[in-house]
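In order of appearance the chains are A, B, C and D, and numbering begins at 1 in each one.
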Amino acid sequence: MNGNSIGKALTLTCFGESHGACIGAIIDGCPAGLPLTEMDIQAELDRRKPGSEVIGTTRREEDKVEILSGVFRGYTTGAPICMIIRNVDVRSEVYEQIRYKPRPGHADYTAFIKYGGYNDYRGGGRFSGRITTAYVMAGAIAKKILKIVNVEVLAHTVQIGDVRVNRDLSYDDIRMNTYKNPVRCADPEAASLMERVILEASEEGDSVGGVVEGIALNVPAGLGEPIFDSLDADIAKMMFNIPAVKGVEFGAGFKAASMTGSENNDEYAIKNGKIVTLSNNSGGVLGGISNGMPIVVRVAFKPTPSISKRQRTVDLAQMKNAEIEVYGRHDPCIVPRAVPVVEACLAFVLADHAIRSQKVPRVLRRK
Amino acid sequence: MNGNSIGKALTLTCFGESHGACIGAIIDGCPAGLPLTEMDIQAELDRRKPGSEVIGTTRREEDKVEILSGVFRGYTTGAPICMIIRNVDVRSEVYEQIRYKPRPGHADYTAFIKYGGYNDYRGGGRFSGRITTAYVMAGAIAKKILKIVNVEVLAHTVQIGDVRVNRDLSYDDIRMNTYKNPVRCADPEAASLMERVILEASEEGDSVGGVVEGIALNVPAGLGEPIFDSLDADIAKMMFNIPAVKGVEFGAGFKAASMTGSENNDEYAIKNGKIVTLSNNSGGVLGGISNGMPIVVRVAFKPTPSISKRQRTVDLAQMKNAEIEVYGRHDPCIVPRAVPVVEACLAFVLADHAIRSQKVPRVLRRK
Amino acid sequence: MNGNSIGKALTLTCFGESHGACIGAIIDGCPAGLPLTEMDIQAELDRRKPGSEVIGTTRREEDKVEILSGVFRGYTTGAPICMIIRNVDVRSEVYEQIRYKPRPGHADYTAFIKYGGYNDYRGGGRFSGRITTAYVMAGAIAKKILKIVNVEVLAHTVQIGDVRVNRDLSYDDIRMNTYKNPVRCADPEAASLMERVILEASEEGDSVGGVVEGIALNVPAGLGEPIFDSLDADIAKMMFNIPAVKGVEFGAGFKAASMTGSENNDEYAIKNGKIVTLSNNSGGVLGGISNGMPIVVRVAFKPTPSISKRQRTVDLAQMKNAEIEVYGRHDPCIVPRAVPVVEACLAFVLADHAIRSQKVPRVLRRK
Amino acid sequence: MNGNSIGKALTLTCFGESHGACIGAIIDGCPAGLPLTEMDIQAELDRRKPGSEVIGTTRREEDKVEILSGVFRGYTTGAPICMIIRNVDVRSEVYEQIRYKPRPGHADYTAFIKYGGYNDYRGGGRFSGRITTAYVMAGAIAKKILKIVNVEVLAHTVQIGDVRVNRDLSYDDIRMNTYKNPVRCADPEAASLMERVILEASEEGDSVGGVVEGIALNVPAGLGEPIFDSLDADIAKMMFNIPAVKGVEFGAGFKAASMTGSENNDEYAIKNGKIVTLSNNSGGVLGGISNGMPIVVRVAFKPTPSISKRQRTVDLAQMKNAEIEVYGRHDPCIVPRAVPVVEACLAFVLADHAIRSQKVPRVLRRK
């Protein structure tokens, strides 16, 4: 199979470009009998919109979903579900300059080389952050599938630039506070600082990166198909398919490298008749299989490559050095808008594995 | 397809358990006409052996490869190549205790749950580090395939416990020095400190983790199949399928999160008629596609979970709290032996994509 | 991956239902740089329309294609190509009766069981012959890909009811005459008889079946990936995914069962410097690999299950025996309209294998 | 994934050559907890041996299976099961002549072209009928999986040369009589005639073909994943991957082409509280999904291409016309030995779909 499909029991196929007719997502393998409406999808898409006009793009993205197939009288049918959002408010002229002058940090150059210059370069084309609307649409369905087995998926910003969340957050903090501020950070104080960092970067024509944490609660032990479809491996793969991601870690992550075994090992105990671990350095995955503890994954995003500062580049047509200033309507930090995307990606992989492990039936019972 | 196969144009299928008859690897999709002997594979397997009796396992692992199919008169035939190594010097009795008392940090508990207690628990069974011999066998072939297009793959230890390599290493340093010390570190001074850290942990019945860096040189621009088989996504997935990996990052990685766009963007220039970037914060991948710069990936390993210190666990048969002390012949740090595994995994994914991108022909020309 | 995608190097994903918003097809893996317009697709779709009002459905199916992605300024970009046709002139009320009374010979019962009654049953839903428009859209692109390597794909009716084409037809007969009559038969005399057979069945409220032959000319030797993705195996799989197909055979096919080896073996000879076989009982495939001779495949279609004669069925809601008369706008013989579908399916599989075998590049050179 | 693996929930990967070290099969996705011993596999392999010295090969094929992985203390573990049979009694010299002189009807020429002459040509190498031992090993496991849901799979010879079984056979006839004669025909009278036909061909240095029928009883309704992994499509694909198969049909098959809808439609009725059809022209599959009636598939085999009569061929080294007489130890009719292979292939596909449809659990309960 080709590179625009992912997932084995639940499959997402994505199509569309930033300035083409639409962005589309097809979910195949969704159990029949799941109640599903466009509103379910729309609610998730709306969470991906900029939380503030100041720190987000000014492109008007309605992102209104249409379900084209696979749903009949309010229920999924077992057939593939195609969802699209039309592209509107497209201004393509500005992108003519990047046709032969690749923007540093973007996929302009690699796409040009790979597709022999035939790629749609307008707005980044296939490599635009807009394709993550497809991930969110898929995630909306995945989250509904996971609810069948009581799995809850969360995501929140834990770092922007140098500002990190330094205090322990409860799951309720994350549930309640994340979408109360435009940076999608569950710690209100850190959120203010993060917002300022973004504004400062924005004012300088620059951008900043950050880290998003994804969490899944109540995941049944036993998800994951080692040795090559390990649960963490599949989650990591999905996360790296989000544009701008440069690192992924689970539980203690890179810190585990400097820990001793006696510090890092999560000891077992029985609590309320259930087997738990007394710490969660593993991030809920052992040997590629969920252990019943929360899945915790952190995803590092690089700063938005679109900056208005003058940068060196090359002219591909004339094969000579050149310069570029990137104008357009870009987010000076894509991290806040990546929060629902990370959540969607985590949900998608878990739903795929929940079906694959037969924790979720292929046909849901009528109530 | 199931979880014990990976790769699309070049496919690795793995089988075998730590204390079963053998560990096996099947490579399908290898071009016909590649010169290949058991010595090619053996040389790579030998690099995975402990570099020292003091810091590695004392299990005698001959790891002698046999090619069972796919090679005829010294050349690959285009048919699947099956390679096995027999398991020898197996002492299984010690593992009877873990049948119902899962070792913290190991896959004992998750495997028990997933497979209903039917899993072969001897020596970790399917979840033993020994399965990485299959990765190394596959990598040996992958490296030969990559040589056709002049790609070179390297790996070296950059951190063990708190000891990090702090100076810039040239590729020649890495080529020449990595295997001169048992920790597989290209910086001799750091190597000594790392060795000491491992010994100290070992003496305390404890263990340490670390970080391995993989590098691929001369990778042609254009490898990777976005949006879901991105090159970095596929590399990350493969790395997370190595036991004990908890984090993966490319280029600036997690550091990119605290950089500005103007710091992090890699500007383009023409050097010697070739397009290059003036920095390599991207680690050689943009938009999921190689850009012709070195691929740089860092892989975080947790400390070996096998420690002889007493740990809390549970008794799965009686569903009550319990304790365990893990004895056996374990590496107090698996990082050094993971170096050729990371190299193999990086090589495998690159070879898969090189064939998929048609950079490597399906049949090699006779010279 | 799930059941609504097929092909490995060239992948077709299909969605949509007979009475839903649209039928859609996504082609992934198409080489970048292929000139492609909606007219290319429309021309093929138009060949699938009924050749006559008398022997075809009276449902007005405009089947007007829209390309939603993957094409930019007249060329494919290497990104997935999504094509849809909107459903119009839908009359769904008549299908309320089949909700619980499955029509014999249709998928009504099996879909009901498989999807727990959630399936869209209007017009056969996902199991309607209308889904073959997706095959034809995919085939239109496949045929353009095959032209790059000079492969030509043909199909024609060779049997309807008891009427068989009994004389040898040249490829030019097939090229010139097939679409000159509504039954898509290259032999004008047989065509008249076939038309009469269909009319007779139609007048009796009955239906008839038939056989379509697909032919591919100038196929390069070496296509096919044994042992499990054999060329004939993949073609057969694709053909059986056409509704109503009950048999597939290559070359001498079932007749080979009663031949001797000396009759059936195709002997080799050199003609004009090229290796050919002196007969083509193999139908162009040996050991699952094309041998350079014409691929010849015959596909048996059962009679349209929709007949207006009274039939016994069951009432699924009340679990009792029942009767049904199927009215609607059905083709009394679907064979003529299956001709371009068989052609498309053959083209799709060959294009998939041509790319997989690297006979077709991933990026086409600009002229 | 590559061409030497097949199946999605249950995956078979095959390796090995006729005159190499062994033939191997790996089953991945088998439920954990299935009792399995080498005897289970051996019993099926033994049924593939020639039923008579007169009409079968004289090559001594012990075909003794070794299980290398995936089974622990008599039960499957959920890990991949690797099984091999060693090749013995190999006489390779005779095959030197075919290196450049392809035998008509064999894959010699196509393999030579596809793999650039690197293929192992000894005994047909990868294209030998011996690879079907892998199918039988896989089928042995598949049959045990199917027993969990009470599915029974049968196969028997229905035609050899011109001799057809002309009377109705009960399932008990097939169960009891098939292996009572060397041609594996459940009708003793036809069996005698078939045996004579084979002997006559053999005496003339010629060979004959035939037809094998596969039957699956008690298949639950609902197996199959339309529109592209239809149950019949997957069965057909598997059958065409058996060497020498030229046609596959279900139920009425090619005869359906000349039937009317009212003859061919299978009407529904309720019998003993169960929905059945009053005929089975569909062969148990409607819309690509099993309907609960017996699956009936017929598979046409061409005559063994190895004949000792002089045949025209070409000399590939010198590119000139040549002649060949094929000597060796070949079955003058491979149909009898294909009977357990057809049975195995049918069982494999059904088991794959039974797991995929969640009719079979991933872990079997301990009794």
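As a convention for this text, contacts are C-beta pairs under 8 Å (C-beta built on N, C-alpha and C of every residue); 3 or more make two chains touch, one makes a residue touch a chain.
Everything numeric in this text was worked out from a predicted model, so none of it was measured.
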Target chain C, source chain B, minimum contact steps: 1
Chain pair with more C-beta contacts, C-D versus A-C: C-D
Separation of chain C from chain D, taking each centre as the mean of its C-alpha atoms, in whole Å: 26
Rounded Å distance, chain A centre to chain C centre (Cα mean): 39
Touching two or more other chains - residues of chain C: 1-5, 8, 14, 114, 126, 357
Contact set on chain B toward chain A in their complex: 1-6, 8, 12, 14, 102, 104-107, 109-111, 113-114, 126-127, 131, 159-162, 201, 206-211, 221-222, 224-230, 232-234, 236-238, 240-241, 243, 246-254, 256-270, 273, 275, 277-278, 281-283, 286-292, 300-307, 309, 311-314, 316, 319-321, 357
Chain B-facing residues of chain D, complex: 1-5, 7-11, 13-17, 20-22, 24, 26, 28-29, 32-33, 66, 68-70, 72, 75-82, 84, 114-116, 118-120, 125-126, 363-366
Touch list for chain C against partner chain B, complex: 8, 357-358, 361-362
